[in-house]
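Structures given as structure tokens follow.
Both complexes shown next keep subunit A, but they swap its partner, so subunit B is in the first and subunit C is in the second.
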Partner chain A sequence: MLPVPRAIFEVLRKDLLLAWRTRARVAAVLAFGVTSLLLFSFAAGPDTVKLRANASGYLWLAILLCSTLALTESFRYEVQNRALEGLRLIPTEPFAIFIGKSLANLLLLLLLGVALVPAMVVLYDVSFKLGLPMMIGVIFLGAAGISAPGTLYGLLAARVRSGEVLLPLLLFPLEVPALLSSTRATELVLTGDPMGQLQSWLGLLFAFNVIFWSVCGLLFGRLMEE
Partner chain B sequence: MAADPPPADSVPVVALARLGRRQGSRWTLRGVDLEVPKGQQLMVVGSNGSGKTTLLRLISQAWLPSSGKIRLFGAAPGPEAAARSALLSHADYLYDDLSAWENLNILVRLYPQKDTDPLAILAEVGLDKRRDDLVRTFSAGMRKRLALARLLWKRPELVLLDEPYGQLDPAGGQMMDALFRRFRAAGTTLIVATHQVRRVGALCDRAIYLADGKLCWEGPAAKAASVADPGGEE
Partner chain C sequence: MASARGMDWEHAVGALGLGLLIYGSYQGLFVLPPDRFMGDVMRILYVHVPAAWSTLICFTVAFVCAIGWLWRGTWRWDVAGEAATHVGLVFGVLLTCLGSIWARPTWGVWWDWDPRLTTVAIMLVSFGAVTALRSFVDDPERRATWSAIAAIVSYVDVPVVYFSVKWWRSLHQMQSSPSTVDPEMVMVLRINAFAFLFLAIWFIARHYRLIRIRRDAELGELS
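On to the complex of A and B.
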């Protein structure tokens, strides 16, 4: 039996290689995210104060919308030629395959999130009161909160007809706690945290991740078997 | 006092008891009892939709049975048995956006073999000159050859081949004949689902005939043609 850490690494490596090979599609997802941020600014009007106040919400909505495209893409090549069935035949725990794919999706979402930050700065005229590293840390935790349930639902959606429509329907309601805490944490990073609330929101986000990475990891094996 | 376990060679590599698989409301395989001893070359024949592919997918663990039991290498199916077996399926499990080498390299990294050069395996299936080409540019026959290279790299003790001659050109067919002989010489257990009853029958020991998901006949592979292909047209 293949050791779990090696199986995780090999699945991660394969997914990152595929993402690199299909980087034009990744660039298209990023362009979609930037366009979303631009459209939010048009919809909200030219009021700079209002835009600045809502910048964190717009950023996370853009990341969430991008995530559905990225997650669909990450299972598109698994469905082609039944590669998913081939993955199932790897002699390891299904949990390892879930972690490998979720980590790949996490890295991709982190990249997309970080790449959207300059667009947010330019469009909404914001600055980082708590510094850019803290901003990246929040994006990391938020992206992790999307990638684990997203990988599970991505698998589910890949196995049914019109799955790309089903994915956001399943994922978005589940993401409400992660979206709320990511948005509030980002807002505090942008505007400052005089009341010391950031830790509570990051704690909530961390707890969300612990629960969903564990539960989705257990369910992934069952779903792969069906 | 517990009895000594039977010697490894006497334990069937595949043992199926009342095996069944339902897809939707239809049973694609029903009540199949079968044992395949170590080193045996078994041919599975039957018309389209008779359950051949289902049987191979269940044995490979790609699918789960709806009823009955499977034992592989004397134990319940699991990662150990998956590591010792390999399936060449209708679906080739390849990634179109990766090259031939990158597709093989996934297996090379999962199952390291110190004494074998993966490029030699690619050369063996005739793809060494196309190693850096994306799989999306390959013909169906070339994809089959690459899938076969992945199977060979794994060095399985149990080989499951589903229509191995499909999409292959005459040279590929001869390569497959040679592989059958190599598997026999190595003592590899082989289960082959095919419509090429006479060709494969000459290379296998035993055959089973499936119809409507049920095992209807079993006997020497050489006699399978009279059951599965009585007209002799193949």
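On to the complex of A and C.
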């Protein structure tokens, strides 16, 4: 039996290696994110004040839209070459595989989110009142909130026909609390937090992560079995 | 469909539900006085609130059935879960329509981003997606497991959505309790609550039988 930390590390390493080898695809997802940010500004109009006020919402919508592409990609290889059988044969807990894959997706989404920040600064003319490290911290927690349910549903969607339609259908309603708290927290990082609300939103995001990393981790094994 | 021994039991429950609904609606519409602040508009709450309770009960049944399927793996859990989800969706849509009709004259808008409204909307979309998932999967066993997983995740999300939207914004009036409502009105509300509960049981039981026949036929073809 492979120890759980070792299994997590191996799955994470495999996924990151795959992402690195197909980095052109990761770049394409990023380009899609930048395009979304650009399109939001066309939909809202050229009013700089309005764009600046909605910047956090646009950033998180772009990350959420990118996530469906990244998550679909994450399981495409597993299903395409029957690599999933190999994953299933690893002598370890399914929970370890879930954590490994979710961590890989989390890092990928974090990278995409951080890469979208300069585009947001340029397009919406925002500044970071609470500093860039805090911004990255919020993106980390938000990306974690997308990656755990996203990994569960990504595996599910990869195994059904027209799964790319199903993934956002299942994932987006679920993500409402994560989207809401990430957007509010980002807004506070951008505009300052005189009322001390940031902690509450980060707390909610943290609680969302704890709940869904545990629930999805428990259910992932059943999904792998079928 | 009558069973070999006569009428199915759920018809009696349904008839009782219908009877109670007719009596409760008559009381609510014609006998009880209008509300001091909201006037006649308030009368819709006699069906709106019971519809909300039934929706929540149906989705809770679907959640319990999802756990039952994953734990025991017997088909009746899956069939009951599917039936409860469908009936919950019907009651949920009814609840949303009734709420909107009430909100327009009371709040001046058809919709507001209030925690309860938003939570119901998200719950409906989530369980709608679970129903959609079923149509994407051909293999019955996989379909049952995958939709059970999606139902559990969707149900767990409900309190988190409620809590987060509550922080975001709140307009919906506080929950009514027997201490804030006239005893006569509470009585009618209770009568209608039982009426909706019996109707929900009736619908779920009827739908269960129908899905069961379909599932048996499907499994028969496969074996």
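Criterion: the second predicted complex is superposed on the first by the 226 of 226 C-alpha atoms of A that agree within 3 Å, B and C clash if a C-alpha of one lies under 4 Å from a C-alpha of the other, contacts with A are read in each partner's own complex, and residues count from 1 in each chain.
By our rule, a contact is a pair of C-beta atoms (placed from the backbone, for glycine too) under 8 Å apart; a residue touches a chain by one contact, two chains touch by 3 or more.
Computed from a prediction, not measured in an experiment: that's the story for all the values here.
When the shared chain is aligned, subunit C comes close enough to touch A:I211, but subunit B does not.
When the two complexes are overlaid on their common chain A, residue A:R161 makes contact with subunit C while staying clear of subunit B. Residue contacts after overlaying the shared chain place A:V122 against neither subunit B nor subunit C. Contacts of A:L223 after superposition: subunit C is touched, whereas subunit B is not reached. Touch criterion met: A:T92 reaches subunit B, while subunit C stays clear of it.
Of the two partner chains, subunit B is the only one touched by A:Y77; subunit C is not. Once chain A of one complex is fitted onto chain A of the other, the partner contacts of A:L132 are absent, as it touches neither subunit B nor subunit C. Put subunit B and subunit C next to each other and count what each touches on subunit A; the higher total goes to C.
Residues 225-226 of subunit A are contacted both by subunit B in one complex and by subunit C in the other.
By the touch criterion given at the top, residues 60-62, 64, 78-80, 82-83, 86-87, 89, 91-98, 102, 106, 109-110 of subunit B touch subunit A in their complex.
Interface residues of subunit A facing subunit B in the complex, by the touch rule stated above, are 1-2, 7, 10, 13-14, 17-18, 21-22, 77, 80-83, 85-86, 88-93, 225-226.
In the complex of the two chains, the subunit C residues touching subunit A come out as 70, 118, 122, 125-126, 129-130, 132-133, 136-137, 141-142, 145-146, 149-150, 152-154, 156-157, 160-161, 163-165, 167-168.
On the side of subunit A, the complex with subunit C involves touching residues 149, 152-153, 156, 160-163, 166, 169-170, 173-174, 176-177, 180-181, 184, 200-201, 204, 207-208, 211-212, 215-216, 219, 222-223, 225-226.
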